[in-house]
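Each of the two complexes below includes subunit A, the first together with subunit B, the second together with subunit C.
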Partner chain A sequence: MRLRSKIMAMRIVRVDPELKDLIPGFLNNRRQDALTIRAALAQEDMETVQILGHSIRGCAGGYGFNALSELGGILERGAQNRDSEAITNAVDELQAYLEQIEIIYD
Partner chain B sequence: MAEPTKAMQYRVLLVDDDRDMISLLSSWLKDAGFEVDPVMSGSEAMARIDVIRPHLVITDLVMQGMDGMTLLSKIHRQNPLMPVIMLSGKAQIADAVKAMHLGIAEFLIKPIAKEELVARVRYTLRLAAGESDSGLNFGKEIIYRSEKIGQLLEQAKLLAATDVTILITGATGTGKEALAKAIHEGGARKDQPFVAINCAAIPEQLLESELFGHEKGAFTGAQTKHEGLFQAANKGTIFLDEVGDMPLGLQVKLLRVLQDFAVRPVGSVRGIPVNVRVISATNTDLEQGVKSSRFREDLYYRLNVVPLHLPPLAERREDIQPLLNHFLKRLSQRDNKKRKRFAPEAVEYLASAPWPGNIRQLMNVVELCCALTNTDIIPPAMAQKALRDQPAHVQTLKDAKEDFERSYLVSVLRVTNGHVSHAARLAGRNRTEFYKLLKQHHIEPEEFRTSRQASEED
Partner chain C sequence: MKEVRHPSRPLIYAVSAIVGAAFSLVLVMLAWQNALEAEKKEFAFDSILLRDTVKLSASVAHNSLDNIAALVEGLDASVIATLPVFLKSLLARHPFIEAISFHRSGVPLNHLSKDMALRPDAVGDPSPAGPTILWGDSGGDLYIGRSPVKEALYNDQILSDPRFADALRAAVDTAMVVPGPPASATRGIRPFTLIKAIGTGPAHGAGVNQRSNTVPGAFVTIILNPGHLFSESLLRDDVSVNLYTESQGVTGRQLVFVQRAAVAPENANFSIGAFKEETLAQFPYYSMKLVVEKQVLWREIDKGLIATAMVLGIGVTTLIVALARAREIQAWELSRRNQEIEHQVSLQTKELAVTRDAAIKASTVKTEFLASMSHEIRTPLNAIIGMGELLRETPLTRMQKRYVGVFKKAGEALLALVNDILDLSKIEAEQLVLENIPFNLRTLIEETADIHALRADEKNVELLCHIGTDVPTRVKGDVARLRQILLNLVGNAIKFTHKGEVVVKVSSNPDISDPYRLLFSIEDTGIGIPADKIATIFDSFSQADSSTTRHYGGTGLGLTISKRLVELMGGWIRAESVEGKGSVLSFAISLGSAPEPQARIATDGSFSLKDVRVLIIDDNSTNRLILREVLSAQGALVSEAHGGAEGIQVFREARRMGQDYAVVITDCHMPEVDGFAVVEALRTAGGSCKTILMVSSSQLSNDMSTANALGIGAYLIKPVKSVDLIKAINVAMLKTLDETQDHIVTTPLPERRAENLLILLVEDTPDNRLLIKAYLRKTPYKIEEAENGSVALQKFKTHAYGLVLMDIQMPVMDGHQATRAMREWETEQGRDPTPIIALTAHAVKQEMDKSVAAGCTEHLIKPIKKETLLQIVQKYLPVSPAS
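Right after this comes the complex of A and B.
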């Protein structure tokens, strides 16, 4: 619950207007990532979870989504530790966050 | 929106198998004025290099198929000088060390901020330019790593190709003269003279003669005709430092020169045409000077066609470390001694100091540290001591008086072409006293004489 409240506190995101055209595609890709991670987890394919977590962590902060970057780190570590519960929690957070996110371009 | 820059001529090959990362980095680099060619694998990158001949490659480390290390090795096998920046999602020392051994230019950890990426790209390109392409060598004497100075130099480079009049503003010690010189050397006048004068250091009656020259007999002591600095700078550039301190009476004369492109030496009725580019600089607020009637408004607009501002060192702390290295290297070459280094804690301390005297103060601190340290590594305590002992921009009254006296003596000797009797008369001193003053300041009047003058005096 603590993680959720922390991540949700970051749901209003200020983004550089220069990146406006890229944002819908970027968020759609993260929604797709969430589905892929759930499917990989079901098959205990930790390598895919780790790659996607790593990629989200490295990329999201640059777009201004620090909460996503943090979740990416949790997914990556969860996969390294084969911690299914941590991964499930993080992917729940990811999907809830993507549904509630509000973007201000300024 | 970033300012448009000349960086458009730089092509960057961007390699990452993450589409969102490619989009993000492309957007940032294009916004900063670079031409970006994105590819999603190492093999695509190898195919593109020969076609587009990039100035720089940026690659991710971890990629499907060919990874960043393999790509780096392949690139350098074909083109050993190609600068490559590697991005990694993990700060792993082993990777960074391996990449350094393979000749990487920069190893950057994701997530990375736009400003840092653009600054590192500019820095890498600049270093590479020094090795491979003299056309990209603008301002090579100016040491920096910051984005602020990078952008300023991009602007200055564009201005160097023109003859536009420039006003450089910035606090004392920020490198105004170095920037003016870079602009001169980056333009078509580079093989012609660059003449600098500090308008604050010379009294009004001498400054006019210094700038515009005088005729023989124009005033007491003017035994020979004197060519002013504007004529000396003909076809080149004149740099008027501390122009804000120029007396009002001279401002109108300078304005006339800028309007008519001709100087009228003191005591002459004829104007002499000059073809001079004017770059001026000030550490005072000229607009305020105009408001308080200390500076002519019409001259302000003549000089301030394009303003360039040099930020203080405290606003570009990322430049401190490269500047420290530069001065250490220069001192070791000058003194023919082994190069010293600052201990990491000393660098940390210096990087966070306030530096009110800017680069000049930093240079003095490095010199003091080198002089007082016997070991190869300069400890933090020495850096602290050197900084405390450096009163920065505020000189003592004694030092300021001595500086002024020296500049004054030099000016008088220059005006009188090294004729000591005339110079002494002009200064209101007798010959013996005047000689004593010259000796105190280690000034040799012979150095100011023309050969004809010397034989007359003898």
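Right after this comes the complex of A and C.
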């Protein structure tokens, strides 16, 4: 389970204190995204998964959530390849990660 | 065909006719002369006898007289009486002696014997057919002859002729035979006397009475009948004969015999000439001359030869004329033919010119056709593809998205096919002209690899470049076509390889000393090419398998075009393969030399790799080899490790031995222990080594963030370029963690305090917009937002911004398009360019190039660090530091 180990290796996230206000909203959005992805996956709506994946990939890194960024990429690719398993995997990780995050502002 | 009249040239004919005529004339004249000569000879021959006879007879007569005189001189009268017998015999023998007489006394001859009775001789003449001889004597005178006295010479005419007396006197004086004057002619005959005095000499001549005709003395005379000098048979009637006596003193010339040739009147006009023969019988006192003349009549001439000559002459003339004519005709024919040939040649030249012009025109048409076709076909195709892209960015249902995907793919495939076909036609039509421009070979290879890097990585296939160290960097050639060939071959290799590696190798040919004859080979560990198909893969539209098109796509023209291009460059291309194991596509071409700038693989001068200990950790041996080569060439001390586990082990060993590695370069994706684990392990192992991570471009954004978090010194994007490798080491050794981004500076920095602090933020993701705004919260800048390029463009046109932050991947209008549009508008409006900073997730060089090409001032890679952003903004909109 390489992915898991990798993601968990990045559990501790260092975030710019300037962004402190934005973080809750950000994380909330991502939780939303996870739900949306699951729903889309259930309907085999790969387009939505791809768009969301892309989006997550794009913005997570900026906030400092590299693991999220990586997961977003996996989701995007998985949607492109119509790989439901990969998507499921990733979205599981996503949700788990969101719960386990530890943010340090410095 | 109309018979062309040969124009006669009179001069030639005249000349040849004249020549011929002259010749004939000469011939005829020769023949004529010949004939005449023949006649003359005949005549001469004929007349000889006559002449000789006359001569002889004259001589006989003369001699006879002498003899008689001699005889009589000593005789007395009694003997003389016996003379008649002798004289008779003389007469009988010589028909031309008419009479012989003897005069004793000086009685004038004219008194002589008038009354001498002449009586026929009855004595002694035996022959009954003999002449009637008369003789008489009186007073001692004697006469014997054929005719009576009166009919003979002793007629009045003669005797009264003073010439007669003169002759007598001459005879007395000279004591020689003297001729007397002839009698009158009877039928052309004039008998004459020959006189000889006897006895008395000149003494007796004394007292000669000059005036009288009486001459004293004794004389013997012969009367000659010239007519009988000739035998009848000898005297032909077609000759003219003149007989003369000539004595100077006395009678002069006297004609004694004349015969005119009997010429028939009808022949009179055909007389051509006359032959003349003369004979002279010379005696002491006188001579006798015989002139025989013959008229030559035409009909007598032997015309055979003349006729032959004439015929010959005419023949020759005809021949000459014919010859002349033939020559004429020949010359005329020749000139006519020449004219025709010239005409033909000029016609053909004209035709050729027309054909040539037509060919040139056709070629021009072809070129233009190709060019316009090229444009005509690509334009709608591009529209299709472009529209597909635009369409895909719009809100679409799942089904619509799928359909759009399908036709976009189809359009792209079609475009690829069309491009290939047009390319091939161009090459085949020999419309292709190779460029010869200097370029950087290494850069070309690495760029080409870059283009395929993403795809290779997606398939988990390593893409490596291995450029020999003795391969020249700067060369001259057609860079676009070479790139085309490389792209095709590398693309094929990646297409048909599902695991393993694709290596692009460039080396100089060891066999040929020319360093610019290079061998390129693309080796892959792909599915290979079946042995029976390998020969035909370079043929048009052939792929190894009919299913290949279905599975792998492609037009089947790529290799054909590559082959043609290589051959155009004067090289060769070949393929080797083992089915299931892999293939090697190699080609060799000659490039030109280009001035080589100082090899800038060396560092920026501040850092040398000499004796630096470097550890290379990669599970791909080829990649390790390539890196080793590059670093060793720079003087580094290189060690290798296969895979993460070994790498960590080697590192720890070295550390234990006190020989730390200064730099560790590790691949990111390795089985079991990957690059991240290695870095982590190295960090815990301690030491001050700098780590460089090699990441694939596709995972750049993901890996990078991880890399940053793990404190990696620098990163290298695969396929690794030698320049970047050195740079990366530089960066790792000298720079701090923060500055690991590449900044491409393209415009000079404004050296002033910014006046316009309005920033346009173009980004589709709301979270990202929030992020950036948060970053810039504590700054004096004001931010306006646009959620896509189109909105951004509109805002750009209405407000003046100090800076634009442009996200690239956006719907409706992406960042590049928007940037381009903005730059165009600025040019139109004559405004200074506003700094546009591109924000992109892709760090591929291609992407960066595109940004620069679109007109972006700088390029930032997402995820963006706050400090980085602030620095950039400060650079272009300098303000006093706010935080």
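We adopt the following convention: the second predicted complex is superposed on the first by the 106 of 106 C-alpha atoms of A that agree within 3 Å, B and C clash if a C-alpha of one lies under 4 Å from a C-alpha of the other, contacts with A are read in each partner's own complex, and residues count from 1 in each chain.
Just so it is clear, a residue touches a chain if its C-beta (ideal position, glycine included) is under 8 Å from a C-beta of that chain, and two chains touch if they have at least 3 such contacts.
The model shown is predicted, which means the values in this text are computed figures rather than measured ones.
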After superposition on the shared chain, which partner residues are touched by A:I7: those of subunit B (first), subunit C (second), both, or neither?
neither
Comparing subunit B and subunit C in the superposed model, the one touching more of subunit A is C
Is A:L98 in contact with subunit B, with subunit C, with both, or with neither (first, second, both, neither)?
neither
Answer with first, second, both or neither: which of subunit B and subunit C does A:A79 touch in the superposed model?
neither
Touching A:I87 in the superposition: subunit B (first), subunit C (second), both, neither?
neither
Which partner does A:E70 reach: the first (subunit B), the second (subunit C), both, or neither?
second
Which partner does A:C59 reach: the first (subunit B), the second (subunit C), both, or neither?
both
Quick check on my understanding: which residues of subunit A belong to both its subunit B contact set and its subunit C contact set?
16, 18-19, 22, 25-26, 29, 54-55, 57-63, 69
Mind listing the subunit C positions that touch subunit A in their complex?
396, 398, 401, 674, 676, 680, 699, 701-702, 705-706, 708-709, 765, 767-768, 770-772, 774-775, 777-778, 809, 841, 862-864, 866
Considering the complex alone, what residue numbers of subunit A touch subunit C?
2, 6, 9-10, 16, 18-19, 21-22, 25-26, 29, 45-47, 54-55, 57-64, 66, 69-70, 73
Give every residue of subunit B touching subunit A within the complex, in rising order.
1, 18-21, 23-25, 27-28, 31, 62, 87, 89, 110-114
Considering only the defined contacts, which subunit A positions touch subunit B in the complex?
16, 18-19, 22, 25-26, 29, 54-55, 57-63, 69
